[in-house]
Amino acid sequence: MLHNIAILTGGGDAPGLNAVIRAAVKTAKVQYGAHILGIPDGYDGLVNGSDPWELDLPEVAGLLYRGGTILGTSNRGDPFNYPVEQPDGTVIKEDKSEILIERLKELRVDALIVIGGDGSLTIANELFKRGTNVIGVPKTIDNDLSATEVTFGFDTAITTATEALDKLHTTAESHHRAMVLELMGRDAGWIALESGIAGGADVILIPEIPFKWSSVMKRIDDRRKKGRKFSIIVVAEGAFPEGGGQVVQQTADETHGLARFGGIGHAVGLEIAKQLKMETRVTVLGHIQRGGKPSTFDRLLATRLGVEAVNMVVRGEFGHMVALRGGKVIPVPLEEAVGNQKLVDPNGQMVMVAESIGISVGR
Amino acid sequence: MLHNIAILTGGGDAPGLNAVIRAAVKTAKVQYGAHILGIPDGYDGLVNGSDPWELDLPEVAGLLYRGGTILGTSNRGDPFNYPVEQPDGTVIKEDKSEILIERLKELRVDALIVIGGDGSLTIANELFKRGTNVIGVPKTIDNDLSATEVTFGFDTAITTATEALDKLHTTAESHHRAMVLELMGRDAGWIALESGIAGGADVILIPEIPFKWSSVMKRIDDRRKKGRKFSIIVVAEGAFPEGGGQVVQQTADETHGLARFGGIGHAVGLEIAKQLKMETRVTVLGHIQRGGKPSTFDRLLATRLGVEAVNMVVRGEFGHMVALRGGKVIPVPLEEAVGNQKLVDPNGQMVMVAESIGISVGR
Amino acid sequence: MLHNIAILTGGGDAPGLNAVIRAAVKTAKVQYGAHILGIPDGYDGLVNGSDPWELDLPEVAGLLYRGGTILGTSNRGDPFNYPVEQPDGTVIKEDKSEILIERLKELRVDALIVIGGDGSLTIANELFKRGTNVIGVPKTIDNDLSATEVTFGFDTAITTATEALDKLHTTAESHHRAMVLELMGRDAGWIALESGIAGGADVILIPEIPFKWSSVMKRIDDRRKKGRKFSIIVVAEGAFPEGGGQVVQQTADETHGLARFGGIGHAVGLEIAKQLKMETRVTVLGHIQRGGKPSTFDRLLATRLGVEAVNMVVRGEFGHMVALRGGKVIPVPLEEAVGNQKLVDPNGQMVMVAESIGISVGR
Amino acid sequence: MLHNIAILTGGGDAPGLNAVIRAAVKTAKVQYGAHILGIPDGYDGLVNGSDPWELDLPEVAGLLYRGGTILGTSNRGDPFNYPVEQPDGTVIKEDKSEILIERLKELRVDALIVIGGDGSLTIANELFKRGTNVIGVPKTIDNDLSATEVTFGFDTAITTATEALDKLHTTAESHHRAMVLELMGRDAGWIALESGIAGGADVILIPEIPFKWSSVMKRIDDRRKKGRKFSIIVVAEGAFPEGGGQVVQQTADETHGLARFGGIGHAVGLEIAKQLKMETRVTVLGHIQRGGKPSTFDRLLATRLGVEAVNMVVRGEFGHMVALRGGKVIPVPLEEAVGNQKLVDPNGQMVMVAESIGISVGR
């Protein structure tokens, strides 16, 4: 019989993390009478020996609605490449996985549920290979994991982005302006593509399709000629022009992680202003896309994943991840799941849909 | 070459109808240079000879966001059983399908796109058998069509219902009350089940699982004993107690379609108040669930269906319906699609999820 | 120097109660280093000797966004007319105010902040006359207090009601229906009037203006004749026809407080269906209007009141209530503030605005 | 008797402009049977001779909900200083007011309603002095007009900003980050101050209070020391440090109006990252604040102003502006109203409220 399940959240946060935690705790308690331990700040909390706390029903009351993660998360906690500051101020990476595994034993943890993205799940798989009873729950706001049809957080993110587009629409229309909205998506353009279609964009630029400046300008200019004096341009942060070329960019202070500014969104805005002599405004939506109350869809998906993760613990299906396939939540081997990014297919149905209704993807 | 595509919306409205129309018009115009005719008020508009109007890009600007249908819809337009009022005031049903088919010829319609639920699509299939070039687009806010994984409008409906539950939560908590929320779902409990899970309900009653009064009371009473002095009960309008039994109901005036009141929601509320001596409040959310701006998910799905319906017209795939399967929009024969209701499986994963986190489904 | 401030919430809940509590606690702690005690369930918690708990900064983190009241509230706690169940099951009212005053002494309370409506503030004034150091914070979702320009919760309530109207609009339009929405407002029609104007209603019926059936019907019929085949009718729960007349009503079980159903909303819907032979649907929005995250306006107002209530404690302005006047939060004697309901003036500017844009108020 | 009222919208757009237009048209038609002409693109449309169009009830159906202005607006239309491009490409300013006045006569306009900010109303006042029958409707999203208690659009803007803060909160908390949100407000800090209080900010920087870097850092560091590892910093775009100092800024191309980037928000973020060695993220909300569906409050206020503007035309109260004072909409002479900016009082109640609950304003 299981006594102790530990749970942690790794990588960037996503709306629905708390809903997974709540569902896991409720299932563990109500169905199986198990204990469940919350690990603070991802893998880092295990390496640096932070105190976990027991999660019971009162701790998870109200969590369904709450964005973020009550456990906290960390981007620096890879136990196999853990950053250690040296006396001279430099940082070297060391393997601290033994400390982590030791810590789990010390806490008498029988199984570890890891809610995280590709990076966190790759670590989870490594830990599994070294004997830890791991179950993965996929999380990426970019929806770019092949192993599952959709990840929680994505629906909330595109909802936030679409609402921003709705708002930009009315002001663009009134002022005859070009409005550029830069959205998340370093490698995968799903957020930009789907919210762009749902928000009525005229141009959508994504990393998977290097864009031609001439195509972007042509689309906006064609609209203008037809009397549609405004245009909405959605740009994924990882989009780039064919052949690369000059992108205005300033990264203030990488060490302390200040968000870069002057990225591709501003570059696109600048170019439109220059080439088309058109009033142009740029908004970078940033971390607002990660935050807030999860949408109904995400609450439901997160709850289903949390319940099933605990069922998998009980059935002993370690080394697996919960995945949504064909409307069902099922276990998938971590080995298969990790390292398989799902990018937008430039010739796939979603891009075709965009182009069919007259949206330019810059090609 | 195609000259004329007609489009109509039948049955109850759902958020996303206008987005389908917009996408179909844009695709027809931008991709194929076809004409597209809007038929007012569903099949009824063809039988009674209402004037259609040509839809061009300006007519569909701004439609993406708009709930309802600019074409209007009607519940009485079955051309095979068309209600005809007699001189003495009685109503008899007549077959008016020939008039409809004649009308389509008169309007030189080459293909007809029908956006509708099971009833409208069954009629569409009959028209196809009689030689009309029909393409179907599935629409049911209840998400109870087997042929497609999910229908547009459903996500908006559960979002509205979940928001109502979020609001009831805080007031229930403050007043130590039982709050009953009656939601749509005469035959299928999807709206109640999914929004109940997403909205943190304590009890969810659906048509597919006849409920035991004792189970409902036990769940609320158990919560009270544990110090959780409030409970949230979600009831689908078609839910009913095992063995039937007395349900308070008043149907005011069926002829003119006044919504019934005093339905199952009020019956459940009354019984809780009586048996548990607990302050109870009942809300019947009603048509608010059908209305409003479609959600991001529904806008996207509706757009994809509208684009593909026109592609199917061009490819001549008549007698088919667009369906979402495995994340792709594909054609499915109407013959297979109609008459196949998708109900909640009482032993399926979604009900198990609810019970795993401590929600009672009344059994 | 003050050591102990107690705080309680009385009467029906309203969005913003928690924001008042948070602001009061923060001000007491940060500015004055005072202790602040939360009294559970209103005056009832003092009479029945429930345990209060100390409120410190961690207890109020996150409260700004949260609807309801963490303190709980009660409708039955009038200490001057406290219901006492007799051995034979009957209930008699007794004066328990001495117990309450004793309890405050026992808890070493130096000042009591009462957040409540006219009823709770009248009691507060009585307690002040008997020597308790009371400060009032006005709360009524109906916005019907003369002493303050606007009360928190009202803006959230009309926002919820207006959103419901937006949703009803699209479905009414698509189906050519009359849609009736019953809103809160037993004596005062502010919610119905303001959300009716903001939500584009065609008819608004409020308690302050007894309506003529003929005027209601005429307005809807006139619209129909002009080709506007749908109408939106907003009805305050306290509205009634001139001369009274038959109103369908069923009160299920007053003792246990089940919400009545079949109220004026249903009566109006029934009459429209009958007289105009028009499809009609009725929604009773109910407690959803009380719930949910407070609006930005309400958070701000609630915060200002909470801060100022503590400042008034420190300045010793007991027997006063915080009020918003001319954009400033100022102290007003409870004696003046209570018993002074602010009703809609049938000849005032707001009703004139409604009529100027073609809304019928049923006269 | 009045035959012709013209209406135009000037300056930046604000949610509620369309609601003013709708109310004015409805009142003019329903109450007075007058004609009403929509002037495109502000004063510019009169100077450059654009075609106005008659506004009737169908044109304004659905406008209540719609952001922006159907009339369009322009920032360059000052008829007294109208930009005229010379053959050599330079631009000189000329007085074109005679052309404008001529144009109004040509269109047989009896009265002109100008919805605009301080700039547009100053022009309106000049036109009045030269004999035009002008009525003003105040519009500024910044709420910085002395003559009226509150302007429409402001409530929608602070609602959008507060929602952004709610979203940033959960992600800040999960990642232990400093989150900087730059909001509108070049001269007046109302948006930053009110949404900062309503959104639970820890630091609010506004133009009216030059900030000390040390105070900003101290507040964030104090929180960290108490275990609150994240902070939310709201910065009005016009905020600046005491003594000025270096602010990173790039203005891309002033001629074509590309939004500057690298403004004060980024400067503040950079400094926090540097001084406190803390992960920091910056979001510039930009034009999203101007857009979208007006809030319930703004719809109501806009409707009241539109109705009263037409009443003032009929009563011949030219040279006046509609203003909200003490809850009533009343006429105020334009002469008094213009040129009187309402800034945040550094020692006023609103700043005191912020500081009382522990928010630093950087002093």
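Letters A, B, C and D mark the chains as written, and numbering starts fresh at 1 in each.
Going forward, a contact is a pair of C-beta atoms (placed from the backbone, for glycine too) under 8 Å apart; a residue touches a chain by one contact, two chains touch by 3 or more.
Everything numeric in this text was worked out from a predicted model, so none of it was measured.
Rotation angle for the C-alpha superposition of chain C on chain D: 180 degrees, rounded in steps of 5. Per-chain CA centroids place chain C at a distance of 32 Å from chain D. Chain A and chain C have centres, each the mean of its CA atoms, that are 41 Å apart.
Computed from the mean C-alpha positions, the centre of chain B lies at a distance of 34 Å from the centre of chain C.
Among the residues of chain C, those touching two or more other chains are numbered 166. A ring topology is adopted by the chain contact network, closed into one cycle in which each chain touches exactly two others. Looking at which chains touch one another, you get A-B, A-D, B-C, C-D. Here chain A touches chain D in the complex through residues 9, 12-13, 15, 17, 66-69, 72-75, 160, 163-164, 166-171, 173-176, 179, 248, 250, 252-253, 256-259, 261-262, 266, 269-270, 273-274, 277-288, 290-293, going by the rule given at the top.
By the touch criterion stated above, chain D contacts chain C in their complex at residues 22-23, 26-27, 30-31, 64-65, 149, 155, 158-159, 162, 166, 194-195, 197-200, 295-297, 299-300, 303-304, 307-308, 310-311, 326-329, 349-350, 352-353, 356-358.
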